[in-house]
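In what follows, structures are represented as structure tokens.
The same chain A turns up in both complexes below, where it pairs with chain B and then with chain C.
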Partner chain A sequence: MYDMKALYEATSVEDAIRLLTEHPDAKIIAGGSDVLIKMREGKLAGAELVSIYKIDALRGISMDPDGTIRIRPLTSFSHITRDPIIQQHINVLGEAVDMVGGPQIRNIGTIGGNTCNGVTSADSASTLHAYDAIMVIQGPDGVREKPIREFYLSAGKVDLRHNEVLTAILIRKESYEGFQGHYIKYAMRNAMDIATLGCSVNCKLSEDRKTILDARIAYGVAGPVPMRAPSAEAAAKGQPVCPETVEAFAKAALNDVNPRTSWRASKEFRMNLVEQLAKRALKEAIRLNGGEI
Partner chain B sequence: MQTALVKCTINGVPTETVVDVRASLTDMLRNDYRLTSVKKGCEVGECGACNVLIDGECFNSCIYLAVWADGKNIQTVEGLLGPNGELSDIQQAFIDEAAVQCGFCTPGFLMTAVEILESKKLYTRDELRKLLSGHLCRCTGYENILNAVEKTMKRRLGIPVE
Partner chain C sequence: MVVGKSVKRVDAFDKVTGRARYTDDMADRSAYIVKILHSTIAHGYVKSIDKTEAEKIDGVIYIATCFDVPNLPFPTAGHPWSTDPHHQDIADRLLLNRHVRYYGDDIAAVVARDEVTATRAVRALKVEYEELPFVLDPIQSMQDGAPQLHEEFQNNILAHTRLSDGNYAEAITEEGLIRIEGWYRTPTVQHCHIENHICFASAESGKITVVSSTQIPHIVRRVVGQALGIPWGNVRLIKPYIGGGFGNKQDALYEPLCAYLCTKVGGRLVKLDVSREETFVSNRVRHAIQFHLISWLRKDGSIVARKAECFSNQGAYASHGHGIAAKGGGAIRQLYPTPNFECDMYTVYTNTPASGAMRGYGIPQAMFALESHTDDIAKQLGIEPIEYRRKYMMPVGYFDPFSKNVNYFDSLNQCIEKGKAYIDWDNKRKAYANQTGDIRRGVGMAIFWYNTAVWPISLESCSCRMVLNQDGTLQLQLGETEIGQGADTAFSQMAADAVGVPFEAVHIISTQDTDITPFGTGAYASRQTYVAGFAIKQTADILREKILAYAHKLYRMPVALIDLIGGNIIRKSDGQVLGTLGELATEALYSLTDSIHLTAESTYQIKSNAYSLGCCFAEVEVDIPLCKAKLLKIINVHDCGTLINPALAEAQVHGGMSMGIGYGLSEQLLFDERTGRPLNNNLLDYKLSTMMDHPDLKTEFVENPEPTSAYGTKALGEPPATPCAPAIRNAILQATGVAINQIPMNPHVLFARFREEGLL
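After this line comes the complex of A and B, so read on.
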């Protein structure tokens, strides 16, 4: 038995917003792989929960007429990995979420929960940052959109007010068209582990595959929230595809990050990973784009 | 106490019961239906001992609320048996390969193996390792479990097993 005060099962987004408004202390539970574990540990003991897990309208991935990819927040990690739209256009996201926990966790864990809990190590978050994802949030006063970079406020805190629900994660056509990306999760073991550092890189090459037209990089665990490395991006944009560009890109990333020492790894080790993973991920992204390095 | 009616199909049989909303699916399967193949291990979704199939996908039932099972199709190891209590091929393979020692992790592993086998795909040894990585076994060292799953997969696909 879980130590909860009450459970309110929402039947629609509007119903969830109403329940959250009526119960100002209630927390949202989606798949529960964070909330129920916190409850078991006693951190959320005695809490009221509003469950959105049964709202099937919040599941699945589709493409809008303008080419925007719409990922609904309750889509499980395993369904994202298997989705044909994701495989065709942002395969790196499917690969990244295939590294979360283990198989059963990937069946219950949701991408909305992974982002809304505000954790820097979330395997989906760096790739969503690197693709300029837009968070669609619904509240009592209507719908608002927020770029993911502004959505994360501080460690464990996102721009989601009490009676608001994330209803979609959007990736615009201009953000994915022509880009190929690669994600590296550095962890102590291959399954059931949390990233020591996560690095997601994607790039777009010129037609002759000799010049990097655009490159984007985002990290998890390189600071209190997932973050982009704009200096690294500037160092690669418009540069020739060559080892020197990759070196400069990785070195520049060090200017943007701020990892800390934790029981998992020291700051120094994480700084080394920031540089090394940037190199490896950019090389692989170039290779996926048909470039040679 | 806050309760809810849960109607679901368990091992092919339509059932219904009233549960405490605080109950996990493990609690419901063990206490209301006496399906004790569903083990209580870590109870935080790490060890896989409570793993069951819900609509054909594996879930750790310890971190799945019982009320969410409403309308779902649930399978446990008890459902693998034949009409006269015969073991299924995958259960027999676990015995033949000595993939069972204390047996506590076995039901969870078996249900993941069922999901793997029902996909009817041929996986490499490394892929199987990843697919089985959501389970902890402190006795066998995993090799015999991998052997049992790999051999059953090949037999079902008509591939010769040495």
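After this line comes the complex of A and C, so read on.
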């Protein structure tokens, strides 16, 4: 039994925007795997909800004519993992969201909810950061686009105004073409857990597979919001595929992150993981790209 | 004969199809809902509770605070009552507490129309506290000047007992002895049964009926009577199917409070359904015990003297109290008999959740300490760890004068042989001997000691009733309870053979109703198959005697010549079937000349106990940079005597191993040092292991029929959870050379230890 004041069911994006405008205290609910937990904890007790879950226009994955991959926000984790477009072009995203919780959560949880609740540990977020995803947001005044790095404002806070709805997550062709990526979720158990540290790395190699043309890395839980590690990327870009490059890449990542000590893990332990996971994820990304290391 | 066969569980189809009814399924929808207000300080006094705002909420029926409840301290432990006042459980509980002793203590309760209303009202209660300093660690709690929890217990020591053999002080003066010392720490963990504790109560004609998810209906009935200060016969306790208990429900939990609240609302039905967060904190937990072991050895490894100190964290209330530490101390004394032995066991109150019974009852803690220490000894002396154990572990013929237990068989060696073979011990110990690199493997093992039931410490008795139906089937009733472990199936198998009817002819009545069900103390101490065996056999003999006496009249054959086999009355001399039991039962009931309802009922008091021994072998892969130990292979081998149902026995061991793996690698309830607040009392942050964290769980048995037992059987419920953590620890020791002396051996602990040892 949930302490819910009212539930408004939106039939379209426009309808959702209208309902949100009419109910200034209402929260958006999609799959409910975060909102209902907060409600049960008492944090959202007595809240009004606007459900967008029945808006099918917000569901599914497609490719635009220019090769942009369009992931609609209500797509569940399990659908992302099984989607042929994802599997062909950014398989790492499907692998990453396949590590969320357990099967039931992956069936109900959505990528829109995963990103819009602004938590640093979201399994989709680091990979989306590492692929320069663009968030498409619709409000009463129309549609705007925001790079995901600017979308995250602070812990639990994203650039989404009260009566705005995320309508798509875009990944441009130049962001994925030729890249292969690998995500490592480090958690205390192998299922039903939240990352102690998440690390998503992708890279593009030269034709002879001997040089790293480009490398991108993003972390979850290395700071209050998911973050890229530009020093690490710079340390690998244009460098030969060799253990020294991997070491330099991983060491450089330490300059970019700022994890905190909490009872869940100490800063020292997380820093150790920042370096170790960077190494392992880059090596795997290189291997997936046909490189040898 | 059906004993020894893997027949399907009697409740299998009902449980997998969802037909089986649990406590919540039985509560009428009209029930009022109870929600409890828990303290948000670890120690202090409630100065006032302002109910004004809460009472204004529509749908709030009644609010009880710690200022309202009777001052009748009661005990909660699920022990048989003792008529000797010196042996009775400590009565240190009230229904609600003004003196708050841990963060999460019960201070008020709201009865409301529905859950949302009750929850809102709890939030609207305003509490004023007088805060006192608190203490979370038992060793600190024993110091002079530490905050005092219970007036009568000086320095917070609930109990201190000492075991002493030989002369320790003199023995250690022998020249040339090697001294090996270690501290071993075990964590606070929780049972995490699937079904949280739930109960509901209603009253009619002055009698309170409580339906509860409990392991021990007859005991809880007594405790409700004590807590409310009413005659025990005025309480009726009903136990339907339950979703696990593992010892947490071997305690009176919220049944007394629920019954009390029911009396405050005119006997209306009130339901108290505990949340998972409350289950972690405000039910019971496993005692966290710190062990200090000192062994004095000759070069050949022989133990000249050993000293053990155990500091057991009782938490805020006595519950099962000192029994846990005491059982562990006994195991340390017996598993490696030592001529000069000293063991000091302290059970100490602290401002943490009350520790109670949990699967293994002190032995998982003691085995972690002792079996880790044993590997440390073997390593330091350069002796192969199995070889070391074989030389010094409890020998065949060992006799314990207190329990009168005898180690009749070479169970430990036989179990070790099977474990060694499965894990490929000799080859792997060699292969993993000198590894370098980031990823290393190791194999380790541990043996365990256990016993069966609680005699001679407490009462052991079991009562059984059998009622024959017209068709030759029978109802079987026992006070011993089905809690998911398969007891009903094992009881039915034993009864079928003992009476001489097919398995299908036994209708076990799973539900215990203390107004109807014969007395039994319930599911704990791995006792039920052992103790029920005696009562089932004895009662079956009484029923058979009556049946055969009637058969004698019916078929005019001497009783000595007839038998009841497979539901038929047989003439033994030629094997001829004289008639079916159904025909006999129908005639017996409806005969116009000689009508009798054939029933039998009896109590058997058990005055014996039995060793249950075995081992665990584990293989791990340690990722040193990532500070993770991955379990690759694990096997438990048990000698629990004759197996009643091999498939169920195996399943029971799997569950225990899973619990042992979590205990060793991931589970721990944490508290904030600054406030005493529990930090991870939910299933996300408390790292109960999942099936993705388990390798294939391998189980084998050695079946030496227990000579004292009616069916050759002995303890299996708890032992599986006892040896896994030290076996994993010893495997990590082989892999890395690093001794991890605290569990859980999670990445945080490995990170700190690997740094200390220079591996990182």
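Quick notes on this structure:
Methods note: the second predicted complex is superposed on the first by the 293 of 293 C-alpha atoms of A that agree within 3 Å, B and C clash if a C-alpha of one lies under 4 Å from a C-alpha of the other, contacts with A are read in each partner's own complex, and residues count from 1 in each chain.
To be clear about the criterion, contacts are C-beta pairs under 8 Å (C-beta built on N, C-alpha and C of every residue); 3 or more make two chains touch, one makes a residue touch a chain.
Only a predicted model underlies this, so the values are computations on that prediction, with no experimental measurement involved.
With both structures placed on the common chain, the touch criterion links A:242 to neither chain B nor chain C. Legend: residue contacts after superposition of the two complexes on their common chain; A:36 is shown touching chain B, with no touch to chain C. In the superposition on chain A, A:103 makes contact with chain B only, not with chain C. Legend: residue contacts after superposition of the two complexes on their common chain; A:263 is shown touching chain C, with no touch to chain B. Once chain A of one complex is fitted onto chain A of the other, the partner contacts of A:191 extend to both chain B and chain C. When the shared chain is aligned, chain B and chain C each come close enough to touch A:3.
Once the two complexes are overlaid on the shared chain, A:85 sits clear of chain B and of chain C alike. In the superposed model, A:53 makes contact with chain B only, not with chain C. Shared contact residues of chain A, touching chain B in one structure and chain C in the other: 1-3, 102, 190-192. Within the complex, the chain B residues that touch chain A are 2, 4, 20-24, 27, 43-46, 48, 51, 57-60, 63-65, 67-68, 70, 112, 130-135. Across the complex, chain B is touched by residues 1-4, 6-7, 9, 32-33, 36-37, 40-41, 51, 53-54, 78, 101-105, 107-108, 190-192 of chain A. The part of chain C that touches chain A in the complex is made up of residues 114-116, 119-120, 123, 625-627, 666, 670, 672, 679-680, 683-685, 687, 689-693, 746-748, 751, 760. Those residues of chain A that touch chain C in the complex are listed here as 1-3, 42, 45, 102, 186, 188-194, 196, 263-266, 268-269, 272-273, 276.
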